[in-house]
C-alpha cells in the first residue's frame, strides 16, 4: 500500500514519499525497508535513529529524530494497530448460509450474515446484519448475536444469551454454560441456573474461555472488555467496561470487577468480592478479599533453584515459629 | 405457581395463602412480593424479619421470625434448589434423532432418547432411555451413556468410556482423551493409553473440563461427584463419592481423592498421592504430599500492593538467610 | 501375543518360552501371569524378584535377578512404551472421506487419508498421506497437516497453520486462534494477528490446549515437543525440541523456551523472557524472569492446615517488618 493512501486512511499527518509502498508491520529494531514500524516514547529514540524501517509512526515529540517517511500520531501504538488491519485486511467468510448449516425456521437472520459449515442456529435466535458465525458453532434458542460480531469455529452460545455488536469470539469458547450452584443433603442438588450471559459491544473473547450463565440474574460482561484464552468466569460475575484479562484467569461466582482493570495471566479471584475500577494485577495474583483502591497489586512467589527452594519451603512452613523467636529475642 | 402446589411438590409443611403465586427465586435481602426466598440459620434472622419476599423457606428454628407464606424445611437450601426446577422446569430438546445427526447402525439407542444436530454416535455405543445428547457431540465407539444423562452441545466421549445415569455434562468437555504418559530415549515415546474413563451416576461435569482415560486401568469418577469448568483430571485419577471440585483445578496422574472432599478453585494436586475423605482445600492450594487427616487446608499467598510485594519478594528469596540470622541472634 | 514374536518386533534379546503369551501391560508389583512388566533400575530389585509377571523387561544390570521370561533392554521403559502399541494396536478410523464431511474442492488430500464425520477442510488445505482427521475437526484454508498426523475429534486448525508429520492432537485443541495484542485509546484496538502457528514433527498436543498464532512472525513448536491438556501458549512463543509440558501451564507472549525442558503442571511463565535448554520446573512454578542456567527450579507454596496457614498468612503479609525487626536486633 502506498504511504499516501495509508496516511489518508489513518487520518494522520505524513511527511515523505507518498508513493512509497510498505507491505507489513515490524518492530522498530528489526524492520526492513518495506516495513512500517512505530515508537511510543523517547526510550526508543536510539532505535528510531538507527532503524531501517521504510516508514515510521512517531509521536510529535520524536519527530525531530525521525527521517524518511514519517507519520505523526497522538498515539502511535493505536495507529499501528489500525494500520495492521489496513495493510492486511481481515479475511471474512462469504456471506450466506453454508449448505450444511442447520438454521431453525424460527431464527431471524438479517442481511449480510454468514453462517459456516455445520453451524446450528436455534429457534428464536437473532443474528444481526453483518454478523459472521464460523463453522461448527451453536447459537442456541433465543440467543442474540449483534451486528458485525464474529464467532470463529466451534463457539457455543447458550440459550437466551446476548452478544452486542462488533464482538469477536475465538474457537472453543463456551458462553452460557450452567453455573456451579449446589445445595448438599446426602448428595448435591443443583440449583437451576436460569439467568443469562449478557455481553456488551466490542467485547473480545479468547479460545476455550468459559462464561457461565447467572443463577437468577445475569452474568454481565461490559462494553469493550477483552478476554484472553482459557479464562473461567463463574455465574453472576460482573466485569466493568474496557477491563482486560489475560489468559488462564479464574473468577469465582458473584464477584464484581470494575472498569479499566488489567488482570494478569493466571490470576485467581475468589467469589462474592468486589474489585474497584483501575486495579492492575500482576500475573498469578490471588485475590481473596475485596480491593477498594486503584493501583497495582501482586502475590506471586519468587522462583528458586531446587536446593534453595527446599530450604525456603521449610521456613515457609514455620513462619509463625520464626515470628515467635524474633519476639522472644526482642524481649 | 400456587404455593399450595409447590408445598405438595416439595413435600414440606406450609402455612399461609395456598393460592398465592410466586414466579421465581431471589435472595432474602432483595426478594420482591412475587419471589420465593430462603434462610438457613439465625444469622439471617434480621434479613428474614425485614424481607418483602412473597414466600420463604425456613428451618423449624426460625419459624417464629417468619410471617406470611412460610415453608418449614429441615434443609432450606436443598428445598430452594428443588424449587428452582419446579418453578422453572428444565427445557429439554425434543425426543428423537435430528435429521443431521450421524448414528452408526451398530449403535443401540433406547426409547425416549434425543440426539442433537450434527452429533455422531459410534459403533457399539449405547444410549440409555431418556438420555439427551446435545448438538455437535461425539459419542465414540463402544461408549455408554446412562439413562437420563444429558450432554450439552460439543461434548466428546471417547471410545469405551462409561457415564452413569442422571449425569449432566456442559459444553466443550472432553471425556477420554489420551493420558500423558511417555518414556524418553532421544525422543518421547508415548505409552498407549488403553484404559477407560468410568463415571458414576449423578455426576456433573463443567464446560471445557478434560478427563483423560487411564493408561491400563480406568480413570474413575464416583457417584455424585460435581466438577466445575476447566478442570483437568489426568489418567488413573480416582475421585470418591460426592466430592465437589471448583473451576480450574488440575489433578495429576494416579492421584486418589477421597469422598466428600471440597476442592476450591484453581487448586493443583500433584500425581501419585492420596487425599483422604473429608478434606477441604481453600482456593489455589497446592498439594504436593498425601493428606491423611480430614479438615481444611490452604496454601494461598496474600495479595499486596506492588511496592510492599516487591519488598516481600526480596525477603521471600532470602528466607533461609533470615532464619540463620535469627539463629545467630539466639546464640 | 507370543513372546518370541514380541521379541522380534521389539528387537530385544529374549530368554524364556517363546511360545508363551502375554495380553497386556501391568506394573511390576501387580502384574499377573499373563501380563508384561518392566523395571528400570535396582530400586525395583525386590519387586522384580517377587513379581508374578508373565514376562519382564529389565536392564542388563538386573538380568541376574529376573527369572522366567526375560527381555533385556538398554531402556526398559521405552521398550515397554513400544510394547504397549504392539500388544494393543492403535484403532484408526477407516480411510476415506466420511459422507457428512465438507471438503473444499480446492483442498488437496493425499492417499490413505481419513476424514471423519462433519469435518470441514478449507480451500488450499493440504492433508498428507496417512493423516487421520477425526470427527468435527476444522482444518481452515491453507492449513497443512503432515503425513500420519492424527487429529482426534473437535480439533481446530486455523488458516495457514502447519503441523508436521506424526503429530497427535487431542479433542478440543485450538491451534491458530488470534493472539492477545491490543493498543489502548479510549477503548482497546486489536492488532491484526497475521502470523501462523508452525508445529514440527512428532508433536503431541493435549485436550483443550490452545496455541495462538503469531502477531507478525510465527508461534513455533519444535519437533518432538509433548504438550498435555489445557495448556495456553500465547502468540510468538517458541518452544525447543523435545520439551515436555504438563497440564494447565500458561506461557505468555513472545517467550522462548529451550530444548529438552520439562515444565511441571500449572506452571506459569511471563512474556518476553527466555528459558534456556534443560530447565526443569516443579509443578506450579511461577517464572517471572529469564532462566539462563539448566537445572531444576520451583516456587510452590507449602500446604498447611487452615489454622496454621492463617497465622502464616499474617506473617507473609509482614515479611518486610520481620526483616527490619531482625536487623534492629542485630544492631
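Going by the order they are written in, the chains are A, B and C; count residues from 1 in each one.
One rule holds for everything that comes next: contacts are C-beta pairs under 8 Å (C-beta built on N, C-alpha and C of every residue); 3 or more make two chains touch, one makes a residue touch a chain.
Bear in mind the structure is a predicted one, so any value in this text is a computation, not a measurement.
Contacts with chain A and chain B are shared by C. For the self-contact between chain A and chain C, the two sides draw on mostly distinct residue numbers; the shared fraction is below half.
With centres set at the average Cα position, the gap from chain A to chain C is 26 Å. Residues of chain B in contact with at least two other chains: 100, 118, 136, 154, 172, 208, 230, 248, 300-302, 304, 316, 322, 326, 329.
Within the complex formed with chain A, the residues of chain C that make contact are 100, 102, 118, 120, 136, 138, 140-141, 154, 156, 158-159, 172, 174, 177-178, 180, 182-185, 187-192, 194, 208, 210, 212, 216, 230, 232, 234, 248, 250, 252, 268, 270, 282, 285-289, 291, 295-302, 304, 308, 311-312, 315-316, 322, 325-326, 329. Those residues of chain B lying in contact with chain A across their complex are 24-26, 75, 77-78, 80-82, 84-85, 88, 90-91, 98, 100, 116-118, 134-136, 152-154, 168, 170-172, 202, 204, 206-208, 224, 226, 228-230, 242, 244, 246-248, 265-266, 283-284, 300-306, 309-310, 313, 316-317, 319-320, 322-323, 326, 329-330.
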